[in-house]
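Presented sequentially are two complexes of chain A, the first with chain B as partner and the second with chain C.
After this line comes the complex of A and B, so read on.
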C-alpha cells in the first residue's frame, strides 16, 4: 500500500484522539464501551478495506469523475452535494473543537473570532493547493509531530501516576452488551479512507489493500483506539472522568517534565495535535470544496480570467465557520458530533459504498468487453 | 581599384554598424588575388588575425590555396543568417570573403577570461577555483571535470538586446528530455529587454511575479555543477557571468554544501544536523520569543519564564516591537556589511554591534535576552549554505513574526505549517519543491504513478 494512504488514515485517526471521541467513549464507559471498541476495530477495518478496494477499480479518479461518468446525473449531483456538506461539517466540527481547546487552555483572553481566523487564513491557502501538495505537506507535518506524540505517550505509559487498577476496572466492563453510540464514535476515527473520494485522484495505481498493509493498519488503529480510551482512565479514574470535557488534555497535564525547558507536557501535546488538526481540516475542506465545485461551477463568475467560484465557496466556509464558532456552545457541539456519528456517518458510508458499487456496475455495463 | 568589389553583404554590414569608428573593412590584395575582411577592431584579437589570416594570405601562391587554408582553420564556423551574423560580428568574429565564398572566423579578444576564486560558497577541502566570466572558459572548466561524450553543450539564442551567448549543459543520458525541453521553452519565452547575469536570468525563469523561495540555483562551484550534472540536472551558462544556473532544484539542494561530500560521514551528518537546527532557529526563534513573552509565558518552566520577564523590566513596549526593532537593525547591519567596501564594513559592524549590543540594553530599549536571541538568529542565518535561501528565510521569518504577533502561540504553530504549505505547493519546473525523499529523488517521482 502506498504510504500516503497510511498518512491519510492515520492522521485522521490521531486528530480525534484529543477532541470529542474520548469524552463520548468515557461517558458511556459503564454501558459497554469496551466491547464496542473491539467491534469498532473490526468494523472500521472492514469498511476501510471495502472503500479502498472499491476505489482501486477507478485508478486516478475522484468520486465526482466516477459518478459523473458511470451513474445518471440525477443520482450523482445530490450525492456529491450531500457529501460536500458532510465533509464541510466534519471539518467544521474539528475546527470548532480545537478552537474551544485553544480558547480554554492556551489563549483564554483571545476572542473566538481571532482564533478561528488564525486557522482559516492558513487553511484557506491549504485547501487551494493541489492534492499532491497536500499529501507532501501532511507527510512532513506528520513526521515532525509524531515524535512528540510518541514521547508524550511513552512518558504517560511509564508515569508513576498511571494507576493500572483504574484501567483494570475499565477492562472489567467487557462483559456488557456493546452500545451503539460508543461503537459509531470509535468507528468514526477509522474513516480516513473515505477521504479517498477526492484523494484517489492522486493514486494512479491504487491496489487492493495487501494483507501486510491491513494488519499494520489494524495494529495502529487498535493501539490508537485503546490508548484513547484507557490511558485517560489510568490517570483520571474510572468514575471521576465522566465530567471532564477533554479527558486527554487533563491526562497530558498530569505528566511533568522535571528537567525540561517546557515543564508542562500539555503544551507539547496540544501543539502536536493542533498541527495534525490543521492538516485534517485542510484535507477535509479540500475535499468539500472540490466536491462542491464539481456540483456548482459558475463559468461566468470571473474577475480578470480568474474564476471566482472556489474563492466564493471558501468565503462561504469562512463566514459560516466564524458564525458557527461564535454561536455554538460546548454542549451543542458535542450533541452535534454525537448526532453526526450516530446517524449521518452510517448513512454517508452506506451511500459512499453503495454509489461506488453502482458506479462499478455502470462501468461494467458501459464497456462490457473489459469486464472479466 | 581594379578587379573585384567586396560582396554585397559587406555593404549591409557597414550600413548596420555605422557610425562606429572601430569597424574595419579592408581588402587584401596581392598580384590579382583578393580577399576582404570585415571586423570590429575592439573585439578582435589583432595578433591572431595577423598570424593566422593576413600573413598566410601574402605567403600563399593562389587564391584557391588561401581559400582551402581558411577552410581548414579550427576556428571557422558556418556563415549563419544575416541577423545572427550581425550579432557574431559584434561579438568578435571576422568575416572573410574570397572570391564568391565567405567565411566566418572566431578571433575574439576576451579580456575577462581569468578563473576566479570561490567567494560565495567557500569550502575547506573542495576546489578553490570557480568559473570564469567568459563562457568558453567556463565550459572548458566544466568539460575538463567531466570527460564524457554524453555531456551535451547547446547554444541557445534568447531575444534580449545584449544577445549574450547562453549555453545549456546537460548529461544526455541522465537528464530527463522533458526537462530539457521545458528549460528551452522557458528560455525562449523570456520577454525581458535585458539580463546581465545568472541571478538576473534566474529571476526571469521563475515565471511568476511574486516569488520568495528560489526555484533554480545560482552557483559558482564547478564541483557542484558536476555533481548536479550527474544528478541529471540542466545547467544554464550565460556569458559575462561567473555563475551558472542549475535547474530544477528542490529545497534540500539549498541546504546542502559541497563540503558534505568531502568529510567523514559522521562529521558531515553532524554539520547537516547543525545546519537544520540553524534553519529552524532562525525561522522560529524571534517569533517564539514574542509568543512566549507576550502570550504564553506559562509554557516555559517557571524559573525561565521569570528570568525572561525579569529581563524585560523597563522595556517600554510589547515584545513584538522589541523583536522587530532588533531584527530591523541586524538586517541593516548585514546589508551594510555586504554592500560597503571591505575597509569600512568592519567599522560599521563594530559600531553597529556595540551600539545594538550594549547601549540598547543599557538604555532599556531591549532586554538582554533579546540580544542573545538576535545574535543567535543572525548567526544561524549564515549557517544556511546557499545565500538565496538565507535571504528567503530572512523574509519569511518576518511573516511568521507578524502572524505570531497577531495570533500568539497558535499563530506561530499554524504559521509554521503555512510555511510548509507554501514550500510543498511550489515546484521547480514540475519537480515538487519540498517533499521527503524516502527512496531517492527519481523513485520518488515515479511514486506518483503508483
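After this line comes the complex of A and C, so read on.
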C-alpha cells in the first residue's frame, strides 16, 4: 500500500483523538462503550478495505470523473453536491472544536474571530494547493508531529500517577451490550479512506489493499482507539471523567515533564494536534471545494483570465465558518457531531460504496472487454 | 495567466505573514502587564456565611533577579461567597492581569475538608488555564498564614513549597505529593479516599514542616495520619525513595536506608474469610550502626528488619480500616477485578470492615555501606 494512503487514514484518526470522539465515548462509558470499540475496529477496517478496493478499479480518477463518465447525470450531480456539503461540515466541526480548544486553553483572552480567521487563512492557502502538494504537506507535518505525540503518550503510560485500576474498571464494563452511539463515533475516526473521493486522482496505480497493509492499519487503529478511550481513564478516573468536555486535554495536562524545558506538557500536545487538525481540515475542505466545483463551475465568472469560482466558494466557507463559530455553543457542537456520526455517516458511506458499485457496473457495460 | 498566479501566490504569502504581527506579546498582553499568581489559599470566611476567604500569593515581575534585595511577593485577600467571585473582586485591586496559569499550589483550610468539596474546587477544574499538575495541600493553621509564610531558606525567584512537592528539590518519603487531577479523581470516585499532605510551620517561624497527611471522608471529619504512617503510605503506594528505618535488637541499633520499594496486593475472597494479600519487597543498604557489622550476616539483618516493618504496615492498614477510609484504593481494585454489575460498591462496603490483611515483607539488604 502506498505510504500516502497511510498518512491519509492515520492523520484523520489522530486528529479526532483529542477533539469530540473521547468525550462521546466516555459519556457512554457505563453503557457498553468497550464492546462497541471492538465492533468499531472490525467495522472500520472492513469499510476501509471495501472503499480502497473499489477505488482501485479507477486508478487516477476522483469521484467526479468516475460518476460523470459511468453514471447518469441526474444521479451523479446530487451525489457530488451532497458529498461536498458533508465534507464541508466535517471540516467545519473539526475547525470549531479546535477553535474552542484554543480559546479555552491557550488564548482565553483572544477574540474568537481572530482564532477562526488565522485558521481559515492558512487552510485557504492549503485548499488551493494541488492534491500532490497536500500529500507532501501531510507527510512533512505527520513526520514532525508524531514523535511529540508518541513521546507524550509513552510518558503517560509510564507515569507513576497513572492508576491502572481505573482503566481496569473501564475494561470490566465489557459485559454490557454495545451501544450505537459509541460504535459510530469510534468508527468515524477510521473513515480517512473515504477521502479518496478526490485524493484518488493522485494514486495512478492504486492496488487492492494487501494483507500486510491492512494488518498494520488495524494495529494502528486499535492502538489509537484504545488509547483515546483508556488513557484518559487512568488519569481522570472512571466515575469522574464523564463531565469533562475535553478529556484528552485534561489528561495531557496531568502529565508532568519533571526536567523538561516547560513542565506543563499540554502546550506541546495541543500544538502537535493543532498541526494535525490543520492538515485534516485542509484535506476535507480541499475535497469539498473540488466536489463543489465539479457540480457548479461558472465558466464566465472571471476576473481577467482567472476564474473566480473557487475563490468564491472559499469566501462562502469563510463567511459560514465565522458565523458558525460565533453562534454555536459547545453543547450544540457535540450534538451536531453525534447526529453526524449516528445518521449522516452511515448514509454517506452507503452512498459512496453504492455509487462506486454502480459506476463499476456502468464501466463494465460500456467497455465489456475490460470486464474480467 | 502564470503572471497572475504568481501575483496571487505572492499576495497570499504576504497575507499569511501578517498574522505574525499579532504574535508580538503574550496574547496581546505583555509580561509587564501581568502579575503571576504562585499560590492560592482557601479558608472558610469569617464575615460571609458559607463563604470563602481567598488569599493569592503573587510574584511581581522584576528585570533582574540579582538586583533584588529581598522577596518580591505580594499578597491579596478577599472574602466572598464563592471562589470565582473573590478572584473577580481581587482583579479590581491589581492594576495588572491576574495570571493563574503559572500557579502550582492550592492550599486548603482543614475545616473545609468536611464540607462539600465541590463548592470550592469546581472553580479550579472548570477554568482551563489552571494546571492539572497543581499541588494540593492542607494548611496546618490557616491557609492564609501558610501561603504568606516565607521560610528562611526561600531564595528570590524560587518558591519553597514547590521544591517540597516537585521531587526535584528535597525528596523525602514524609512528603506526600497530591496533584489536582489526583485529588479530583479520588474525590469523585467510589472506592478510594483522597489524601492530602499537611503543611505546618515550626514554632520559631523559620521553616515549613511537611510530614503528616490527612485522609478525607465524604462530608465527615477527616482522619489524620501520623508521620510514620505517612511515610509508610507514601513509600508503599508511590515508591518514595529515601525511606529509612531504625531497628533495635538486643544491644544492636542500626538504621537501614531503603531505596526501592515494590508493593503488590491481591484481594482474595474465595479462600476462607476475605483477605488482602500484600507483598512488599524492599531493597536497601545499612546506613548507620552502633557496632561493627558482619557482611555475611546480611541475611539475618534482612529478616529482623522485615519482621519489624511488617508490623508497622499492618498497624497502618488496620488503622485505615478501623476509620473506614481507603486511601490505597482497595475498593477500586475490587471493582477493577470484577465484571461490572449493580451494587458492587455496596458489597465492598460490607466486606472492607471485616477484611484481614496478610502482609509478606521481603527485605533485601545489598551491603553494609562503605564500611563493615
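Details
Here is the rule we use: the second predicted complex is superposed on the first by the 372 of 372 C-alpha atoms of A that agree within 3 Å, B and C clash if a C-alpha of one lies under 4 Å from a C-alpha of the other, contacts with A are read in each partner's own complex, and residues count from 1 in each chain.
Keep this in mind: a contact is a pair of C-beta atoms (placed from the backbone, for glycine too) under 8 Å apart; a residue touches a chain by one contact, two chains touch by 3 or more.
None of these values were measured; they are calculated from a predicted model.
In the superposition on chain A, contact is made by A:118 with both chain B and chain C. Legend: residue contacts after superposition of the two complexes on their common chain; A:264 is shown touching both chain B and chain C.
By the document's definition of touching, of the two partners only chain C reaches A:250; chain B does not. Of the two partner chains placed by superposition, only chain C is touched by A:176; chain B is not.
When both complexes are overlaid on chain A, the residue A:130 reaches chain B alone and has no touch with chain C.
In the superposed pair of complexes, A:65 makes contact with neither chain B nor chain C.
Using the contact criterion defined above for the overlaid structures, shared-chain residue A:107 touches chain B and also reaches chain C.
Common to the chain B and chain C contact sets on chain A are residues 107, 110, 114, 118, 121-122, 125, 263-264. Put simply, chain C touches chain A in their complex at residues 1, 4-5, 8, 12, 15-16, 19, 22, 27-29, 97, 128-129, 131-133, 166-168, 179, 181-182, 184-190, 238-239, 329, 332-333, 335-341.
The touching residues of chain B, when paired with chain A in their complex, are 295-296, 298-302, 304, 406-411, 413-415, 417-418, 420-422, 424-425, 432, 434-436, 438, 447-450.
Those residues of chain A lying in contact with chain C across their complex are 30, 104-105, 107-110, 114, 118, 121-122, 125, 160-161, 163-166, 168-169, 172-176, 235-241, 249-250, 253-256, 258-259, 263-264, 304-306.
If you check the complex, the residues on chain A that touch chain B are 2-3, 102, 106-107, 110, 114-115, 117-119, 121-122, 125-126, 129-130, 132-134, 136-137, 139-141, 143, 202-205, 260-264, 267, 271, 274-275, 278-279, 282.
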